[in-house]
Every structure is written in structure tokens, then in C-alpha cells.
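Residue numbering begins at 1 within each chain, and the chains themselves are lettered A, B, C and D in the order written.
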Amino acid sequence: MRSDLALGALLLALAILAPALVNSYQLSVLLQVLMMIALAQSWNLISGMTGYVSFGHAVFFGVGAYTGALLLLAGVPWWAATAAAALLATALALPVGLLTLRLRGPYFAIALLGLNEVGRMTATLWVGLTQGGDGIALTPALLPPLRTSYYALLGLAALATLGVGAVLGSRFGLELRAIREDEGAAEMVGVNTTRDKILAFVASACLPGAAGALYAFYASYIDPMSVFLPALNIQMVVMVLLGGRGTLWGPVLGATLLMGIRELTWAQFPALHLALLGVLMILVVLFLPDGVVSLRRKRPRPAGRVSEECRERGGAEP
Amino acid sequence: MDLLQPGVLFQLAVGGLLAGALYALLACGLNLVFGVMRVINLAHAELMMIGAFIAWLAWRYAGLHPLLALPLAMLLLYGLGLVLQRLLIERIVEREELTSLLVTYGLSIILVNLGLLVFSADFRAVPTLQGAFYLEGLDLVISKPRAVAGAVSVVLTLAVYAFLRYSRTGKAIRGVSEHPEVAMICGIDVARIRGITFGLAAAMAGAAGVMLSTIYSFSPDTGADFILKCFAVMIIGGMGNFLGALLGGLLLGLAEALVGGVLSTQWAEAVAYLLLVLIVRPTGLLGQADAL
Amino acid sequence: MTETPILDIRDLHRDFGGIHALRGVDLRVRRGCITGLIGPNGSGKTTLFQVVSGMDRGASGEVRFDGRPILGLRPSRIYHLGLARTFQLSRVFPGLTVLENLLVAGRPGDRGARERALGLIEKVQLCDHTHVLGSRLSYGQQKLVEFLRVLMRDPALILLDEPAAGVNPTLRQTLWELVRHVNGLGASLLIIEHNMNVIEDLCDEVYVLNEGEVIAQGAFATVRHDPQVPGGLFRPYPQRHRGGAMSPPLLAIRGLEASYGPVQALFGVDLEVAPGEIVAIIGPNGAGKSTVIKSVIGLVRVTGGQVVLEGTDITGIPTHQAPQLGIGYVPQGRIVFSQMTVRENLEMGAFLERDRRLRNRLVASVLDQFPRLAERQHTLAGRLSGGEQQMLAIGRALMMHPRLLILDEPSLGLSPKYVDLIYGQLLDLRGRGHTLLMVEQNAARALELCDRGYALELGRNRYTDTGQALLANGEVRRMYLGGT
Amino acid sequence: MNRIFLRILLAGLIAAGALLAATTAAAADIQVGASVALSGKYSRTGQEQLNGYALWVDEVNARHGLLGRPVRLVHYDDESKPDTGAKLYEKLITNDQVDLLLGPYSSGVALAASTTAERHSFPMVAPGAASSDIWERGYKNVFGLYTPAEVYMDPILELAKAKGLSRVALIYADTAFPRSVAKGVKDKVAALGMSLVFEEDYGKASTDFAAMIVKLKARAPQVLIGGSYLPDSTAFVRQAKEYRLNPEIMAFAVGPGLPDFGTNLGADAEGVMGNTQWEPTLKLPGAREFATRYAQRFGHAPGYHAAGGYGAGQVLEAAVIKAGSLDKDALRQALAGLDITTIFGRYRVDATGLQVGKPGYAIQWIGGERHIVLPEENASHALVYPFRPWQDR
């Protein structure tokens, strides 16, 4: 726990200093890494911890992107637009969660896959609001500077990681993991599974909403295809799996590795790098189901200490 | 309004049913695999695209008519299906559903992007079947390629159904689908049957691809739209229910055509997605929703 | 006297699409009492637990816990009211440590929960396993942890579903002591258990469930002598080993060991079947009866020992080769291919026969033996009655003229009329020279029929003799067959 | 803390550092940066545009370079995605520190990439983008080359008006460029006093037009205008034939301008009209020679995307020469005031950088070949009118 905090503080310090050390392209690469970390942690919260695999989290990203862009155009400051985007995504997640979280296994995955498409079609067909396939172009005058976006996304990524860390160590996290292991048995030992799942789902929708808005400010142009992006769903899944689902650092590591691999491969193998992603996905699922973090040697907690604690207590009891 | 004239609606309905037959052929294979091994093959539509490109290559470089390329494509895809089953699917059949979703998703990304690498994102077509049948008395036009594709799809789907229903191997497939353990003690090699099933489904996808190549322009990433439609079809017809998928396919085609006619083509595309979300109806699919 | 019972069940019904799992059950658990729930397999005991605990919300009737109706509440709500349960097959959280498994069940925000969990862990001497994942525990340990888990919040009523099944004798002792301890602290318990010694020792009152109905209730001594109670409810036997197959065996099992994942189920079972014999394997639930026969046909992983069929070692064969070797198998629970007709089901039994005409002849000969099936040969198997389905399952296994026919609980869940019918068929089969190996819960019936019987307990041989000798043996009668 | 995890992290940081260092190598060459789609849905056309750039760079170098310095092309693949495009222009400007910028392919990517250029006040010559949305945002650094999408169909609509037609049907794909075309068509139809009898958009991926055509037939349009790309226009014509949709004029924005339109449709392409930004047959200085050299180098005839790429290079070259330096402000001024004719046609922009000098050309498939038919002074073949009904073919 303490070592996690230390590592987190180290990474955060590095990330805070980064803009002073790199040029703006490198900064924009880092910005995307941070965005991916935030998204991966969100996905981790619902799918990594409860085992309900969402193939449609991009819908919250898309909703956030459109909310952010439209509000910005309407003259709302960027930070308020971002907050509103997060709120709207969260508000949307509540009914969606109520409806879909009763479905198990592939049904849930398919329902959310469909939901993403519904989101995309809505953005396409509601021309009056979204300008349809024209997309929304934002002018630089309205946009926050790159560094500001960077720090905002750093905040999101840190918040997401902190949040996952807090949940992991909490009673709530324990309940979520119990749901993943055996939902029925969890219910039977007093876990209100419905409430927990919905809470996790709603919480996991909030950050993609904010990230979507910040993405729109960074990219300056969005259209339905580029924000309700099925490939984004794949990336969230792959990052978390690659790193290790249900862990604190897995998504961080996974997002960094994935973006690193992309940076290294897209220039060399333009069309191939997505195929390589697919290969990676299969290999990880088949041979490293617990992700890269599982490679670090699992040192069992010193058994002696625990049993001593146990025995001491035993001695104290009459 | 002129669009709601009976003649127009009839015309739309016929076109929709023909398109729906193609969905049915594709979805039946997906459903078959799901029924036998509880694996949702997210790469199913990519197998279809392989079929379409086989038809295109055969036509472009050997001048082969798509209807002649059909058996070739089915055979090649059957083989590919066997190989994929042996290499990938057999390893994940008994693992949690997430695993199979992810592995087949990975496979689909690989196939799409290799396709883009080899064939580029250019749209191709195999314009060999041309023209239409004009039924003047009914004031009805039936596109020839669509009619052929629709007919071939229905015939193949029914043929596979008959195969499952009456042949020895088909019965073995149904047996494995219902009770794998009992099938085993009847002397059925379950792994082999799974291979045949996957091969068969791949061949059906390949056939759908060949038919698709005669109707639509396509590129390696065309499959993505179809897999979602397949899910919609499975949900209408019932997961794992073969004839249900046939019916579901026809219904989806019909619904798309009518919505396309009355509203717009954009809305027609949304039909399938809206149906996908139907999965969340309160009782859940197959009434399994609240079972703990 | 007027004190409300902690659990009060009245006229409880549960149907599963035409199958009546519970038909008007009335049951009361008195405060501070340990109540036993016994009955043959399939009598509805576990269904009752499912309903009471809220896992199954499809029942009708009335269930009151501590005076308040709980039917239809969600399980977590019921748990919070103070009613906890365990599962027949352990459901510890495999990915959580032992400590976490307990903490999940604790009161949210309870700072003492950790202390309490550690105390419980210590009580059963699992200290060294505190941070071990549930999946890494032995099955017995898993059952134990599951029991500890329900103790985390001092429930007023605990439902235990065969808590000792699969637990080794030492841990078992610990477990029963814990049960007494908990009871001493004021908890009431309702326990499903097959070991009658335990029931006799622990329970203040016993309910006997059969085919979804309470057929007897009262003190154990009373219930035991109730003529309504079937003889199949027996308890462990003294160690005794005698007799073997007379002629060279068709099937010989030597030192068989087998496991389900990490859980070892058989610890060196020996068994022989001579040609033309009917051999029955009897024993309580969890004795490993079904595991023995599943090991023979490769449905369970064999980890040690040997299975020899007519001199050929067939240990660990792939299941689909069983029919080729001349083994026919009738699975538990009359499993037929419900979407196929009777005739097609039989054809599936002769799947290996490629010649259609030959196959038809085989079907015809089986239909000759089962005229009832012949009448309904074009009906979908799913529409048959339970007894007919069992007949069909037997017919299917006979299609390839097996040298050895293996049956897993052929009478399970059948009405007495059909049990008679099926047993008649089995006798006929022996008359025609078939060799039969069967597992049977209904020990009395099986011993009447069989040439020899093997009694298993805890995955080991306990008693072997001819069927008649076992039936005639006063000790066996007293201990195994209900003492009549 | 467990060391292995830290080590992985450290290794990652070092690798990232090395990567960054490797990509920031300085050069004495003049670096021209561009990112175009080499994968994804625009990969084919993107590649052609890149070929045009590459050919120009080679030829500039053969002419002793720009300002006496050799020119080097730095290019990336934007995967047909706007955000990747934005990121890559950021990379070109700040990381590679290129001296000059050429634009990406497609209006969507250009919309995103131009914002990056604008942020850095870095002038960019942008072929491959025709949607005038790009120039409606008050940017100072984006200079268009293509005839704007809004006026694409003007010559054809004027022709229809001259022939006395009035019933116009409009269909278009739901993305930035076709929507711009459609907007122009609607304005022009109104201006000419014709009537729009049908209007519907469709998804980018849509190639099934049966329902739409059934409806169209019921409205009996005389002029059919499609704001389309290649696959949809091809599919539409095939299905129009099946359903015997017979307007007097059938015209599409992008498809008919490409050779594949004829390859895919064969004889059915006959009579279909379309737009082109450029044809080798145009009477423009150097166009024919360019076509020959291009074909020699790349093994296929150039489409207008290739010519646009080459022409953009020529514009940039002229601006650098006019400015006499690589200074951004001087370049911007030069590009804003330039009025030249390249192999691609005339270049002259308004105050926003929108192309206003280049006319639109209408083409028609005649005898299995593309011919420019409008405006008449550029025509390589006389217009074939009206569109021959399908059943008479």
C-alpha cells in the first residue's frame, strides 16, 4: 500500500514536470497516454473488477465529446464544459446500467456494443444538435492550450488511478471482486449486487465523459465516427487485459505499453500495427490471462507473521 | 403519401426479404457455433469477407463466375474454419465467455487489417450478375443479383438445416449442442464435431460473402456492420436457435427496407442497433435475466 | 410454547415447468434448535434452501423468518435480517483470499470484522492459509471456509447444505464442534446431511422430505422407525471386506484414484464385475459412487490406479471411445436429446454404426425390447414421461450391444411405478446375458436385484459381498437400510 | 516496492527517451512535412496524393532544390483519422521541426490538422480538402487548392437549367465533404429557381440503395445529383439500372471522376456525369507531361489526387521563391497573394484562404472513357444528352 503511494507520487511528479522537458508533440503523445490511462482505469472499475465486460464504454466518451464541444461552442468555459460532460455521461449511465446490468456474460457485452452504435447513430441523425456527419469543428480561440489539456487529463488519470486504488482497498472493492468471483454467493453473504454493480458502472462512466470532452478540445474536430469509435472500445479492453485486470497498476502499465507499441509500430507498419494489436490481444488472453503485472514475482505475504498474529490472539483469548 | 402506396411497399418488402436472406445465412452460422460451443465468434463477418474476396479474386484473375466460385469459397473456408478451430477456438471453448469474446475479437482485428494490407481499403465489386427481372403485371422489379443471392442464401440455409436434421453428422452436431457428455458416450468425438461445426459455419459465412460480392461494393472492413446485424438477428430469433435465425434474418431485412422506405436509409441502418438494445427488455433474453 | 419459531414455512410450493419440486412443505425451526433435513436425492431439500434463502424467487406459499415474511426478498436482504446459508457444492470466492472471503460477509464498516475473521480462521486452524486464495484450498478447506463465512455476522439462523460432504474426518470433527459452538451461542440451524450418526448426535428435531413433501418429522429416534421413511437413508458402515468376482472379471478396477480439479474424490477403490453379473455400488452422497463409473468411461480424470476391461488396460480413455470398447452408459438424471425423436435418440446410440440398414436393424431390436418406446418412436424425447425417458436412455446405451452396461442412479427421481418397471427391465437384461454395473441411491432395491454389491464411503471401499448377503446381514440392515 | 515493476517502467522511459532523441535529428535539408492516409478508408487516395508530393520533391531536387537547398519529404500515416492527423502535424511542427507543410487527405482530417497548423501559425498548403467548412473558421494559415465542394455541381445544374429541367433529386453521404456539396446544390437549385423534389442522406458505409431508389422513382426526378464517394456512387448506378431509374442527368461528386468507376461499372458507366478537379487532358501547362512522368514512376495513370499533390508542391515552391525565405510570416503573405497556374490549374485564394481561382470541371463517361464536357472551352468531347434510359441499352 505504501509502495503504491510512493510509486504513484513518483509517476505524478514526473508527469507534472514533463511539459517543461518535452516539446509539444511529445507532450501530445503523453497527453494521449494519460487519456488512455483514464479510460483504461474506468473500464477496469466495471469490467476488471466485476467481470461485466463492457464493449461499449466508448459511448460515454462520445457523449462527453459532443457535450464538451457543443458547450464550448455555446460559450461555456472549457473546464465547466468538461465537468458537464462528465455529469451527463454519469447521468446517462444510470438508466443504462439499470437496464443492462441484469444481463450476464455475452448478453451484457452485446447490449453495450449496440449502445455504442445507438450513440453514434444519434449523433449522426440528430443533425439539428450535432451537425450530423459534418462533425463539429472548434476554433483555436475557444480551445484551452495544450498544456492545460495535458494537466486536465493528468488530473483525470491520477483521479482514476487513485479512485481504483481506493476502491481496491475498500469494502466496496471487496464486494465487487466477490461479484466477479460468484455473484450468487456474493448476494448470499449480504452483498447487494445490483446496487454495487450500478454504482461501479455509473462511476466508470464519469471519467470517459470528461475524457471525451478534453479529447474534443485537443483534436479540435469531432464527428460521429471518430468519437463513438469501436476501436476505442477494443483499446480499453486490450490495455486493461495487457496490464492486468482488477489491479491498480495493470491499466496504467497496459495503457503505457499499448501507446508505446503504437508509437513504435505505426510509423514502420502503418496497416500492420492494428493487426499486431489483435495478435497481442490473443496471445495475452491465451497465455497471460492475468496481464503483465502478473509477471512480477508473486511473493506470498510472509506467512510467519500472520500466523503469529493469529496465535497471539489465540493466546490472549481465555 | 406516395411512399406508402401498396406497390411501393410491396417492392420494398420483396427487396428487404432478399437482403434478409443473406443476413440469415450469415447469422445461422454464427448461431450454430454459439449453440454447439457457447462461443460468440466476433470474427464471423470477417470470414464472410474472406469469402467475398475469394469471389473477387476468382472473378478478377480467373474469370470465374461467382456462382462457380461459391463451392470453391465454401471449401476453402471450411478448411480455414477447421484450422481456426484447432488452433484457437478449441483452446477457449471451456474457458469463460470473456475469453472467447476477446480471442475472436482479436482474430477479427487481425483479419480486417491483413485484408486492408493486402487489398487496401478500396471498394470492390463483382459485377457479373446484372440487371433485373421485371414483373410488369405486379409492377415489381427484382434485381437479378439480389434474387440470386437471396435464393442461394435461403437454399443453403435450408440445406444446412436439413443436414443438421437428417444426416448422421448433423445429428451428432445437435447432440453435442444439447448434451456434450452424453454425445461422447454415444461414441461421438466432440472435438471433431466442434471442428466440423466451426468449419460449416465458416463455409456458410464464405457463401454469404460470395453472394455479398455480387450485390454490394465491399472492402475488408465491411464486415463490421454485418456482425452487429447478426447479433440483432440472433436476438430476434433466439440465441442458438437455427431456424429462429433464418426468420430473424428475413425480419431484419424486411424491417430495414420498410424503415428505409418510410423514413430514410440512415434510419434503416439504425434498426439493427435498436434491436440490439432490445436485449435489455426487462425479463432479459430467454428469461435468464434474474437467475443468480 | 407460544414462542414463534425462528423459521416458519407453510404450504410452500415450487414448480419447474411441470416438475413439482416442492409440494406444500410445512416446516418449523424452533429457536436455538438444530433441525435436520433428510431425504433421498432429488427430494427437494436443496430447492427448499434456495427458496428460503431468496436465491430462487419462484415459489409460492409462506416463509416467515423471525415472524416476518421473507418470500420474495432478495438474498442480501435476507442475509442482513440474519439468515445465512452455505451451498452443497462449495462456493467460496476462488479469487479472494481466505481472509477476504470472510470479510466480504462481515458487516460493512465494522472495524472488528478483521479481528473476528482471524479468530474464526484460528478456530479451525487455518492460520497458515489466511492469505491463500480460495481456489488454492482443498475442497474440505473450502467447505470449512464457506461455513466460517456465514458466521461473520452472528446469524440467527444458518442453513447448512451438506457441510461435511468432501471434508476429511479431522476437519469434519472440527466442523461439527463449530456447529455445536455456534448453536451454544444462540444460533438456530437447519442442516441437510446424509450421515445419520451426525443427525442423531446433533439434531433436536428431524424433517424427512420425499418427492417435495414432508413425510415425517420429530425426534430422530421417532423418525427412524417411521414406516413412511424410505430405507435409502443410511449411514456409514463398519469396515468389512469380503468376497470377489467368481469368474475372470469383465471389468477390473484396481486402486482407482480420481479428482475433480484439486479435489480428490477417490482414494484407491477396487472393484470387479464378472460377465453376466449385476453389480451395484452403494453408499452415501459424496462416497464417490458416480465418480467410479465416470472414471471408467473417462469423464473424470484418473490420477492413479487401473481400469482393465477383459484384460485390456482402458485407464483414462477418451470418453467417445467407450462404445467402441463395448461399454454402454446411462447417465444420471435420464438425459435424452430432447429435441430429437425417440428413434433418433436410439440412432445416436449407434452413432458408430455407419451402415444405415444395420442401424435400423439395431433400432428395431431395441424397440422390440421396449414396446413402450416403439409406440412413441416418432415423438420428441422431450415430451416423454420421466420413466419413458429413462427407458430411452437405457435403450440408447444398449444400441451397440455393449459387453458392459453402466447405469448411474437408474431409479433417481422416478415414481415407484416406474422404478418397478425399470428394475424389471434391468432383470430382463441380465436374463439376456448383459453385464450391468450400477450406482444406486436406493440401496435396498439395488441389493435385492444385484449379484454383488460394493459399499463405498469417502472414496474408499467399505464393504463388499453378494447382494443377498448384504441384505441378510443384520448389521448392514440396521445401519444402512433403516433398521427394519 | 518490487523491483521488477520499477525496472519495466525504467526500461520503458529509456526506450521512450531514445525514441524521442532519434526523431529529433536536425538536417540541413529543407524538410517538407505531410501526413496523409496510408491506411484506413482513405488510404488509396491518400497514397496518390503522397505520390504527387514525392514526385514534386524529386523534381525540385533535380532543379537544384529550393533556395539552393535540397528538399526532403517527411511523411506519416494518419490512418484516415482526424485526431491522428492533428497529432502528426503537431509532431511535424514541434518534433521534426519541418520547414514547410503540405496538407493531409480528406476534409475531415484537414479540419483537425489545420487547427494544429493554426495554433502554431504555420502556413499549410492543403490539397485533398474541398469542404469550405475549413475556411469558415477565420484561420489565417490554411490555403486551399481544390475547387470548393459548394460549387462542384454548379456547371451541371446550370446545364440542367439550360435544358429546361426543373425536378432535382439530391442524395448524399453523411460526412463533411458530401454535405458541403449538398449545401451548394441546394443553394444553387434555389438560385436557379428549380425545385428539389427529393433529398436524403445516407451513412458513409451504405451501399444498399434499393429502398431509396424505389422512393426516388416515385418522385420522377429529371436531375439526380449524388454527393458521394466511389463505392456508393458505383453501387447506386448499378441499382438504378436494376430499378430503371431514368433521369435526364445523373451526376455524382467523386465517383465518376475516378478510373475505378468505369472498371467497376463497365458499360453501365456510360452517360453518367461527374466532377473532376483535374484531368490529364486539360489544357494546362505541364499537365500532360506530368501525367507521363507520373505513370512512368508509379506505374499507373494519375488521378486528380496525385495532380493536386503535385500542384500543391508547385504552389509551395512559388510561394517560397516569392517570399525568398522560409519565414512563416513571409510565406503566409506570399501564399495569400499568389496567383499562378500550376499543372493542377489556377491558384488564387480569398482572404480566408479559400480557393476561388480554380473552376469546376464536369466530366462524362462516353465510350468507356472519361471526358471533360463542361465548361465547353475545356471540353474534350461533346456532351451526350439526355441520359439513355436503361431499358433501351
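As a convention for this text, a contact is a pair of C-beta atoms (placed from the backbone, for glycine too) under 8 Å apart; a residue touches a chain by one contact, two chains touch by 3 or more.
Keep in mind the model is a prediction, meaning the values are calculated, not measured.
Visitor: Please indicate which chain is farthest from chain D, where distance is taken between mean Cα coordinates of the chains.
Guide: If we average the C-alpha coordinates per chain, C ends up farthest from chain D.
Visitor: I want to compare two interfaces, A-D and A-C. Which one has more contacting C-beta pairs?
Guide: A-D
Visitor: Using the average of all C-alpha atoms in each chain as its centre, how far is it in Å between chain A and chain D?
Guide: Centre separation, chain A to chain D: 37 Å.
Visitor: Go ahead and note the Å separation of the Cα centroids belonging to chain B and chain C.
Guide: Distance between chain centres: 43 Å.
Visitor: Once you find the CA centre of chain C and the CA centre of chain D, what distance in Å lies between them?
Guide: Here the centre of chain D sits 73 Å away from the centre of chain C.
Visitor: Among all residues of chain C, which ones touch two or more of the remaining chains?
Guide: Counting only residues that touch two or more other chains, chain C contributes 55, 75.
Visitor: Among the residues of chain A, which ones contact at least 2 other chains?
Guide: In chain A, 124, 184, 187, 271, 274 touch at least two other chains.
Visitor: Multi-chain contacts in chain B: which residues touch at least two other chains?
Guide: In chain B, residues 116, 266, 269, 290, 292 touch at least two other chains, as defined above.
Visitor: Can the chain contact pattern be summarised as a line, a ring, a star, a complete graph, or none of these (other)?
Guide: other
Visitor: Between which chains does touch occur?
Guide: Taking the chains two at a time, the touching pairs are A-B, A-C, A-D, B-C, B-D.
Visitor: Would you pull the chain D residues touching chain A in the complex into a rising list?
Guide: 1-2, 4-6, 8-9, 12, 15-16, 19-20, 24, 38-39, 43, 76-77, 79, 81-83, 86-87, 90-96, 108, 111-112, 115-116, 118-119, 133-134, 137-139, 173-176, 179, 201, 203-204
Visitor: Spell out the residues on chain D that touch chain B in their complex, using ranges where they run on.
Guide: Residues of chain D touching chain B: 39-44, 80, 174, 200-203, 205-212, 214-215, 218-219, 230-232, 234-235, 238-239, 241-244, 260, 264-266, 268.
Visitor: With touch defined as at the start, can you tell me which chain B residues reach chain C in the complex?
Guide: Interface residues on the chain B side: 168, 171-172, 174-175, 178-179, 181-190, 290, 292.
Visitor: Can you name the residues of chain B that touch chain D in the complex?
Guide: 2-3, 5, 8, 11-12, 15-16, 19, 116, 120-125, 127, 130-132, 134, 141, 143-146, 215-219, 221-222, 225, 256-258, 260-261, 264-266, 268-269
Visitor: Which stretch or stretches of chain C touch chain A in the complex?
Guide: 53-55, 74-77, 79-80, 84-85, 87, 91-96, 100, 103-105, 108-109, 115, 118-119, 121-122, 127-128, 130-131, 134, 149-150, 152-153
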